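Below: a set of structures, written as structure tokens.
You will see two complexes here that share chain A, one where it goes with chain B and one where it goes with chain C.
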Partner chain A sequence: MKFMGSAIAILRKDILLELRGKESLSLMLFLSLLLLVIFNFALDTGKENVSSLAPGILWVVFTFSGILGMGRTSMAERDEDAYLSIVFSPASAESFYIGKVLSNLLFLVIMEMFTLLFFAILYDFEKIIGMLPQLLPGLLLGTLGFSLVGTLFSFLTTASRYGEVLLPFLYLPVVVPIILGGVSSMDIILNGKAGGAGKWIQIMAVFDVLYFAVSLLLFRYIIEE
Partner chain B sequence: MKTNRTISILFFLLMVMMPLNLYLIFKVAPTERIMGDVQRIFYLHVSLASGAFLAFTCTFVSSILFLWKKNLVWDSAASAAAETGLLFATLVLVTGSLWARPIWNVWWTWDPRLLTVLILWFIYVGYFLLRGGIADRFKKAQYSAVIGIIGYIDIPVIRYATKWWKSIHPLLSREGGGLNPVMKNVMFFSLATFLVLTVFLFLFRFRLARIEERLQKLKKLTED
Partner chain C sequence: MNIIELRGVRKQYHAKTALGGIDMYVRRGECITLFGPNGAGKTTLLKIISGIMSPTEGRLLYNDKPYSESDIKKDAFYLGHRTSLYTALTVMENMDFIRRLFSLNHRRQVEDILRGHGLWERRNDPVNELSQGMKRRLALAKGFIMSPEIFILDEPFTGLDHRWRSAILAKINDIKKQGKSVLISTHLVEEGHRLADRVAFLHRGRFLFIRDREEVDTAEIYGLFDSMGELAG
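Coming up: the complex of A and B.
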């Protein structure tokens, strides 16, 4: 109980920080919007194509905005070694990790919901909002995977000389299964493709369980001084 | 030093095995009926892949041992193995591409196996990027150990995901099939040769890392 209590406290701290500073979420939202505009130039997004392009565009936007956001929140922790006050507090490394995963997850989900809304408006594709209940399991499991790996790796990379610039190089190859699962399951649901989204949900779930267990074991080595 | 002796022995072993291996591949192994001489690249390709896999496994195990024992020897071992693995993985991709051009008629195809090796390659490039970015010796070891572990456990997940993804599209072709006995023996010898090479390169880099470590320590002593 105490364990989750510390995690929730860290989550609350991050929400408060975001409400006051508006540093990471607003940047993520702007990047999402900007990427959606760019994709409009890069791809032929006519009425007949938009449904088949949607999964790819959306998951690329989720991925890159997510990298930006998670890099930002870790940078904020590293600034003036703010995270050390958590390390020296009675909260365990594990609850620190879970707290950060939850806050990253929350911000990522908010960003994704806005991105879906922007997408529906800009690409005249309201159908996607109506299908949200079916899309939600894939979205949540994928985002959880992003958050589990991103929280760990953003803490790793921000300690290096290159800072958050290094994050995509480590993060992107590792989350390939999530991107594959996210795009494929969304494609199956949106476009009624054969194959069933179930197995993709499964592989994302396996990924999440695996990374949750391993990250929980490894996180203490990253914040240890 | 024991490592020094082992390295010399392996070196002499390789001096014999490498030319013999090439002779076997080009002179003894029969020419494949359909693919022709190009098929000979397989003896190298498969051996390199096995070497890379062995090396990355060694990185994984050494990374765990480092986090457990906190001894920098294990970090030197992990990075030496990762270097060897990365070199081999690069060569696997290159030799595979050279083979694919005449046989599949493309330099590259999004086959699950190819994709897994490529992603693996990216992960270990990231491993060295991170190492290059951290000055503190102990932190460098600790952080790269985390990547060494996370990257390795990603392999099966990537493999399954890419397999399922591709099962929607038809696979271009499957190589291999029945090897004739001479081919099989040549393949075994090539595998053995490259495993010796893997161990040799690993020990060589490992020794270098240890010497560098000692040099840094001495430098620090003279500065104080």
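Coming up: the complex of A and C.
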């Protein structure tokens, strides 16, 4: 109970920080809109192509907007060494990690929902909103994987002077299975391809469990030194 | 009884020796003031004691048991050069966050602490709109909600005017009276000397001395600072 209490206190604090500082979610939303506009100009996204291009475009947007947002939530902890308030409290390193994962997850889900909405409007592809219930498992598992890994690596890299530059180089290779699973499952659902999305959903679930276990173990060492 | 004991603690940053074989202890309820010029190793020593940093070599005991960094962190309050505040949040939101982490329900206590630190009127202001001295006071006020066993304060008087220095001195004295231990580093000789039960002078990572306050007068400390070309407060 105390474990989750600390995690919820951290989540609540991050929501307040976002409401006051608008440094994470608003930047993510702006970047995702910007990327969607760029892809709209750069690619031939006519009615006949949009369905096959959507998974790739959307997961690229999710990935890069996510990196930006998670980097910012970790920076908020490093500014003024604010995270030491949590370190010198009864909250365990594990509840600290869970709290940060929850807040990153919340911001990522909001960003993704807005991105899907922007996408439907910009690309004249309302079908994607109608298919949201089928897309949701893949989206949620992918987002959870992003948050589990991103929370760990963003906290690790923000300790370095080159943190925001380093983050994509460390984070992207590790989340490749999630991106692959997310793109493939979305492609299968949107384009009715054979093979079924279930296999990819299962792969993402396995990676999420793996990411969770490893990150939970490592987070303590990252905040201790 | 010793709350903390260090035996042969060394800290090396690549080729540079920040601490070279520190032996010391902190008794329960005592206050030790660390003096020393810039770069003497005071901050490194306080970070090692608080568990933020690991020593390169040496043993640390906490309550006569081998040190666990997570144990000391649950029992200590550390105020470093930075304030450990969320600057986008208001004064009250910062205090509320700490209160929730410690699962405390005493909102009244938070009010009393903020009043005692002259921050109640500014409770709804974001921390980034406060003066440096106010931020420092708020950072210290957090320690009073936490009620730890040991206060580790690195230059706690930085940015405070005379009036608030005296107020903070009185508060640190209150902490001592409650049987808590206090470790302070400061350049302010008079204030640091007045607070201390024991006084230590660190230079180039080693203690020149660590003695009872009665055995050290402020002139000696001023003299040491002078000989090292540093201005003491």
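Please note the rule applied: the second predicted complex is superposed on the first by the 224 of 225 C-alpha atoms of A that agree within 3 Å, B and C clash if a C-alpha of one lies under 4 Å from a C-alpha of the other, contacts with A are read in each partner's own complex, and residues count from 1 in each chain.
The rule is simple: a contact is a pair of C-beta atoms (placed from the backbone, for glycine too) under 8 Å apart; a residue touches a chain by one contact, two chains touch by 3 or more.
The structure presented is a predicted model; accordingly, all values stated were derived computationally and were not measured.
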A:84 in the overlay: touching chain B, chain C, both, or neither? Say first, second, both or neither. second
First (chain B), second (chain C), both or neither touched by A:176: first
Quick one: is A:76 in contact with chain B, with chain C, with both, or with neither? Answer first, second, both or neither. second
Could you look at A:224 and tell me whether it touches chain B, chain C, both or neither (first, second, both, neither)? both
Just checking: does A:16 make contact with chain B only, chain C only, both, or neither of them? Give me first, second, both or neither. second
For A:166, decide between first (touching chain B), second (touching chain C), both and neither. first
Is A:6 contacted by the first partner chain B, the second partner chain C, both or neither? second
Residues on chain A touched by both chain B and chain C 224
Give the list of chain A residues in touch with chain C in this complex. 2, 5-6, 9, 12-13, 16-17, 20-21, 23, 76, 79-93, 224-225
Within the complex, chain A is touched by chain C residues 50-54, 69-70, 73-74, 76-78, 80, 82-90, 93-94, 97-98, 100-103, 126, 142, 146, 148
What part of chain B is in contact with chain A in the complex they form? 67, 119-120, 122-123, 125-126, 129-130, 132-135, 139, 142-143, 145-147, 149-151, 153-154, 157-158, 160-162, 164-165, 168
Would you mind writing out the residues of chain A in touch with chain B in their complex? 149, 152, 156-157, 159-162, 166, 169-170, 172-174, 176-177, 180-181, 184, 193-195, 199-200, 203, 206-207, 210-211, 214-215, 218, 221-222, 224
